[in-house]
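Note that the chains are named A, B, C and D in the order they appear, and that numbering of residues resets to 1 at the start of each chain.
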Amino acid sequence: MFNFIWLIPLLPLVGFALNVFVIRREREAGYVATGAVALSFLVALATFIQFAFSPPAEAKPPRVDLVLWNWISVGEFNVPFGLLFDPLSGVMVLLVTGVGALIHLYSIGYMHGDSRVVRYFAYLNLFVAMMLFLVMSDNMLLLFLGWEGVGLCSFLLIGHWFERRTATSAAAKAFVVNRIGDAAFLVAMMAIFAHFGTLSFYDIELADGAVIEGFLERADEISGLIFSIPGQNFLVSTGIAFLLLIGVTGKSAQLPLFVWLPDAMAGPTPVSALIHAATMVTAGVYLMARTHPIFELSAATQGWVTWIGALTALIAATAAVAQWDIKRVLAYSTVSQLGFMVAAAGMGAYVAAIFHLLTHGVFKALLFLGSGSVIHGTHDTQDMRKMGGLREHMPTTFITYLVGAGALAGIFPLAGFWSKDEIIAHAWSGQNFSIFLLLFVSSLLTAFYMGRQIALTFFGQQRDHSYHAHESGQVMTMPLMILAVGAVLAGAMNLPMLHWLSTWLEPTLHEHAAEFGVTQLILAVVTTLLAAGSGYLGWRYYVANSAKIKPGAKDPLYRYSGDIWEALEEAWYIDRAYEKLTVVPGFRALARFMAGVFDPQGIDGLVRGVGYAFSQAASALRVFQSGFVRTYALLFLAGVVMVVGYLLII
Amino acid sequence: MSQLGFPLLSIIVWLPALGALLLLLVPRTNDELSRRASLGVSTLTFAISCALPALFNPALPEAAAPAMQFVDQIDWIPSWGISYNVGLDGVSLWLVLLTTFITPITVLSTWDSVHKQVRAFQILMLLLETAMIGVFVAQDLFLFYIFWEFTLIPMAFMIGIWGSENRIYAAVKFFLYTFAGSVLMLVAIIALYILHRDAIAATTPGYVGTFDFGVIAEHLRSGSFVLEAGLAQALFGAFFLAFAIKTPMWPFHTWLPDAHVQAPTAGSVILAGVLLKLGTYGMIRFNLTLFPDASLWAAPAIGILAVIGIIYGAMTAYAQTDMKKLVAYSSVSHMGFVVLGIFALNQIGVSGALIQMINHGLSTGALFLLVGVIYERRHTREIGEFGGLWKVMPIYGGVTLLVVLSSAGLPGLNGFIGEFAIMQGAFMAYETGGARILGWPFVAFAVLGVILAAVYLLRMYGGAFMGDVGNPENAQLSDLSRREIVVLGLLCVPIIAIGLFPNLLFAPMETSVADVLHTFTGVVAGR
Amino acid sequence: MVPTSYYVLLSAALFTIGAMGMLVRRNAIVLFMSVELMLNAANLALVAFARQQVNPDGQVLVFFVITVAAAEVAVGLALLVAIFRSKRTTDVDEVSTLRG
Amino acid sequence: MEFVIFFITAAIALIGAIAMLVSRNAVHSALFLLLNFSAIAILFLLLRAPFLFAVQLIVYAGAIMVLFLFVVMLLGAERAEDEKDKVAWQRPLAIGLGAALLVEAIFVGFNQLAMEPPTTPEVESFGAPARIGESLFTTYLLPFQITGIILLVAIIGVVVLNQRNRAKA
């Protein structure tokens, strides 16, 4: 199979091409798109199995590297268009294609009757292809192609219903905010090339015997190198890692660039599930895991990573508590969970980060699809104040949602328990107690807001009777059930004591399985108990106060917290600060000044000033152009006299 | 005669001019026929020019002088050492192809955008093509200057006759501004000729001098003709100013928005697609080759101007409400990248700059065509007048999106390759000794241009193409016609192809770029 | 024989008179006459120098000058007639529309 | 003897030229110019240029002067200068400049006052019409042809310029 790994990203790409150029009918579009991704999943699975049982012998540690063609080669700058399949890529590919295929299937039902379904499926296929390029790239540049490509697809899919202004501006915002991170990523890449002379991750032996060197295994070469900006010296590794971190904050929606993700919920719900929960936003975590040798060289950046992750986790979790929109809760929850992963990566617990990435991919996709099912079943209602009591109308959705929520809250023995617990255990065994505290509180809040959401959505009485709630069709519930099973079982990947995932990833991440001792056991028990308690509290409180909740009303907790609650609703006003106070207005004003005043009057004024001076000087000379031929003759004669005189003198 | 035994390059240069003569035989009122004839001639030129990359030998051994291929040389004014001398190397190869490719596309677009005095327009277009190709292939400074100036005349007429309300002002400004720069260049060319003649005549009495660029460059390299540092810097400045105005670099850019806004669509496409590249081509061909020390001396200052141009152009573009003006200012930003790449003075930077010239020609040309499409339908280009165009005109929306993304530098499309190579080059622009020429601070600012490109292009795209169809006048617009699809489709093919297979372009230019940078070799990464 | 310089002096005097005519007279016809006078002065000098050099080329040149002068007068007078037709005058000062 | 003839003809030429300059009537001017041309023709003869003597008389004194007189009378422009001179201020300037030019010319002339022509027998025959003709049709054939073309163009030009009621293109 190893020579066919190019099929994995190609199949969705073919689906994209078919949907763009050939297919015009909705039904075919859905089937083709889903089929392409499903086939891709099968190829990936086959490759994965072969890799697991008979890994390629020639490479040590085992990895498959397939150079398709020489992409860019200018002078010493050589970047192949090469695909990589190693343990880390393998699990990512399975997640992307597996969850992706389910979400495609789900979309057939969810998007039925939409006016631009063909286009939708085309974008979705393109997204999967780009995501696969991202995780299967063997060099930074191709990774960047996927990195920006998924950003583009995110833009397209958020803006799918571009008739709505909110969707358009959310799409543009997502793209631009991502672009800020991407720009830092670009510079990081250039720095890497400038210092290592290559952008490939690992050594590649080409068919003709030539070797392209990789930089990850030589990362030590830059340890201790410094660069300086006036007055300050920095480690080169810190510079590179920090720039990568900025890239990560953009793509993985971390502080301070997380603001685009909640807005991104303006896209169709399956998109939120696939892109803004399961796959694209995790790209940052994947990147950090992939380039961990660089990060490990810079303790300063690792500190930043950890703190950014932990703070994001807490801030987003608090914001999630105060949302009414069913999808915004999940959006902030996603930001918060990504914070967990980033913090884990910062602490050096890459396996835990990837583990949580994988489980989160499954159960968050489940939750989003569940919320999509709710939205679908309630005829595009998203405000949880208008819901309530839906468990009777939508039993399948309810059960699966409950599983997903439990997994997210970290209830034993669901997937989230295992992965989140591993991160918290790392924070505990690490030296930094404040990080542990931040993450711990965030995880309790997670349970709380999921309890709140379940109570508001599925329990109590239906508060708005303008719609008739119904269960979604099989094409939508089927993926829910499959994912629910996944959410239950995914934790088995890396059970303590067995450590399958740790072992599997060890060749790539060079991280040995964490010790599992009594402390960890106690911690796990305490965490899950407290989480369960917190979740119950959330559920209990909102079920009890269900009478006070009406469309447009304030949250029952508002009377205790007052203005703080409003701050929570606005995610601590960070977004508003950008948009209303600082960055955006400042940029607009400056741009207007340049285009309206400085350019036409300053620079062009100078230019026209020169022209004006010449025309004034010319008018002065017009006196001589009297129109009298004889005057011209006179001047002519004067000239003759002068020339002859001059010749006589010399 | 070239290595082929027949003057292929001269045929390509003069075929359009011959076509222009033939067009005189077409009745003045027969618009359709003159368009077809012009399209036929320019397509034929393109077809013939396709032989160039096929026959091009990418790996000529590095010689003392720039190794030209397909050389045709005939004495012209022997007593001053002036000859008709055309030749091609890897630097000019793709620019010639860009010219021959863009011209038929532009001609094809005149069916929709030029409605009066069609024959005259086509004649000017073909003459312009000859002049533009001539600039790229002329190897004699005198010949170069003639072609260079000759590009001005047809373009000024195109703006002045077929432009919109304020066309005369724009045409005169365009003409005077660029002319002022080129006169300085003429002085520099003559000075170079005299200095070179006198220097050589000192050892070879009776030497009449030469305008042959290759000979002068060779003598400079071999040391038989030495320019004093101050003099070299002055000559460098004179050449550079002419090229900087044409490019246009900040702060010499103000003629560009006026010219673009007033010019007809076809004129804008040619202007942005090819004419702007004359300036940056000149920088590579003349400034770098003739005055290496002065280039090194001036590189940081020029780099700063380039970076200012990148950011300034992007910010100004953002504040525009007229789509065409927005695209025009975006050119300032993109050409800033090109200049930055050139003055990185290393292989990656200069190759990237060359690729970026091609990319800019394709993407910006396509953007102007796209703006022209909507202008022909609604006779306005204000973003605020539109909204939801993607819904009304889905194909148009899709194509525009692709081109916008290419212009914004999305990886996988052509724009990214150029921008990345340029910035990578600038990042690693260090002298042998480790002294910084450009280095990372330049990149740190230039990269803002990448962000801002997304900002202003998405502002345009989001404003005009997304959102709901608010204005009832837009509700019934017809989507792209078959001809428009062909025109734009042709541009989209290289946009994607270059993004995925840039080596097709990089490979032939490698030796020639290395040769231009001959003097700077050793300028490698500051590890 | 008469020294060449005498002829040259005469030629110079005639030329100056012709030039003065250009400057002080306004009648376009008289202006033409002055031009002819200047041409003749030049011719005289040419012929004198031809004799000095004993070279017939000078005379050939004068022949050409006379021919071209004839053509010039013909065209000039035709222009004059055309101008007179629209302006009803031969005063050159009246024909000053090309004022800057 | 030759000196006497020279001085008399030179005087006549000068008088003719000055009289042309000062005559108010254009017809008088033309006639004085005729006098001047004839004098110059005689000087050509003195300068051993018999061919030019003939040409001068035929072309200038004959054809051109007739043309002048013809136009003057056709247009009735004998007295075109009766109105006030608009640029009278330049008259003194013109006289001053003319004087300066004359002084310069005389200065040049007196520098080589003693420039005597060679006295070889060759001088007597070099300007023979046969020599001139030979020269015209061999060495100067191309200029000669060009002169012909110029004359042709002049003819066409005159016809075009004075065509009345031309159909508007």
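Annotations for the structure displayed:
Quick note on the criterion: contacts are C-beta pairs under 8 Å (C-beta built on N, C-alpha and C of every residue); 3 or more make two chains touch, one makes a residue touch a chain.
From a predicted model like this one, the values you see are computed outputs, not experimental measurements.
Note on connectivity: the fewest steps through touching chains from subunit B to subunit D is 2.
Between the Cα centres of subunit A and subunit B there is a gap of 37 Å. Per-chain Cα centroids separate subunit A from subunit D by 95 Å.
Centres computed as Cα averages put subunit C at a distance of 6 Å from subunit D. Separating the CA-averaged centres of subunit A and subunit C is a span of 90 Å. With touch defined as above, subunit B holds no residue shared between interfaces to two or more other chains. Along subunit C, residues 19, 23, 26, 93 each make contact with two or more other chains. Looking at subunit D, one finds that residues 86-87, 90, 94, 97-98, 101, 105, 108 touch two or more other chains.
Contact between chains, using the touch rule, shows up for A-B, A-C, A-D, C-D.
In the complex of the two chains, the subunit A residues touching subunit C come out as 622, 624-630, 633-634, 637.
Interface residues of subunit C facing subunit D in the complex, by the touch rule stated above, are 1-10, 12-21, 23-30, 32-34, 36-37, 40, 43-44, 47-48, 50-52, 54-57, 59-60, 62-64, 66-75, 77-82, 84, 89-91, 93.
The touching residues of subunit B, counted against subunit A in their complex, run 173, 176-177, 251, 253-255, 312, 315-320, 329, 346-348, 351-352, 388, 390-391, 398, 405, 410-412, 416-417, 420-421, 423-424, 427-428, 440-441, 443-444, 447-448, 450-451, 454-455, 458-459, 462, 465-469, 500-503, 506-507, 510, 514, 524-527.
Contact residues of subunit A toward subunit D in the complex are 626, 628, 630-631, 634, 637-638, 640-641, 644-645, 648. Interface residues of subunit C, counted against subunit A in their complex, comprise 19, 22-23, 26, 92-93, 95-100.
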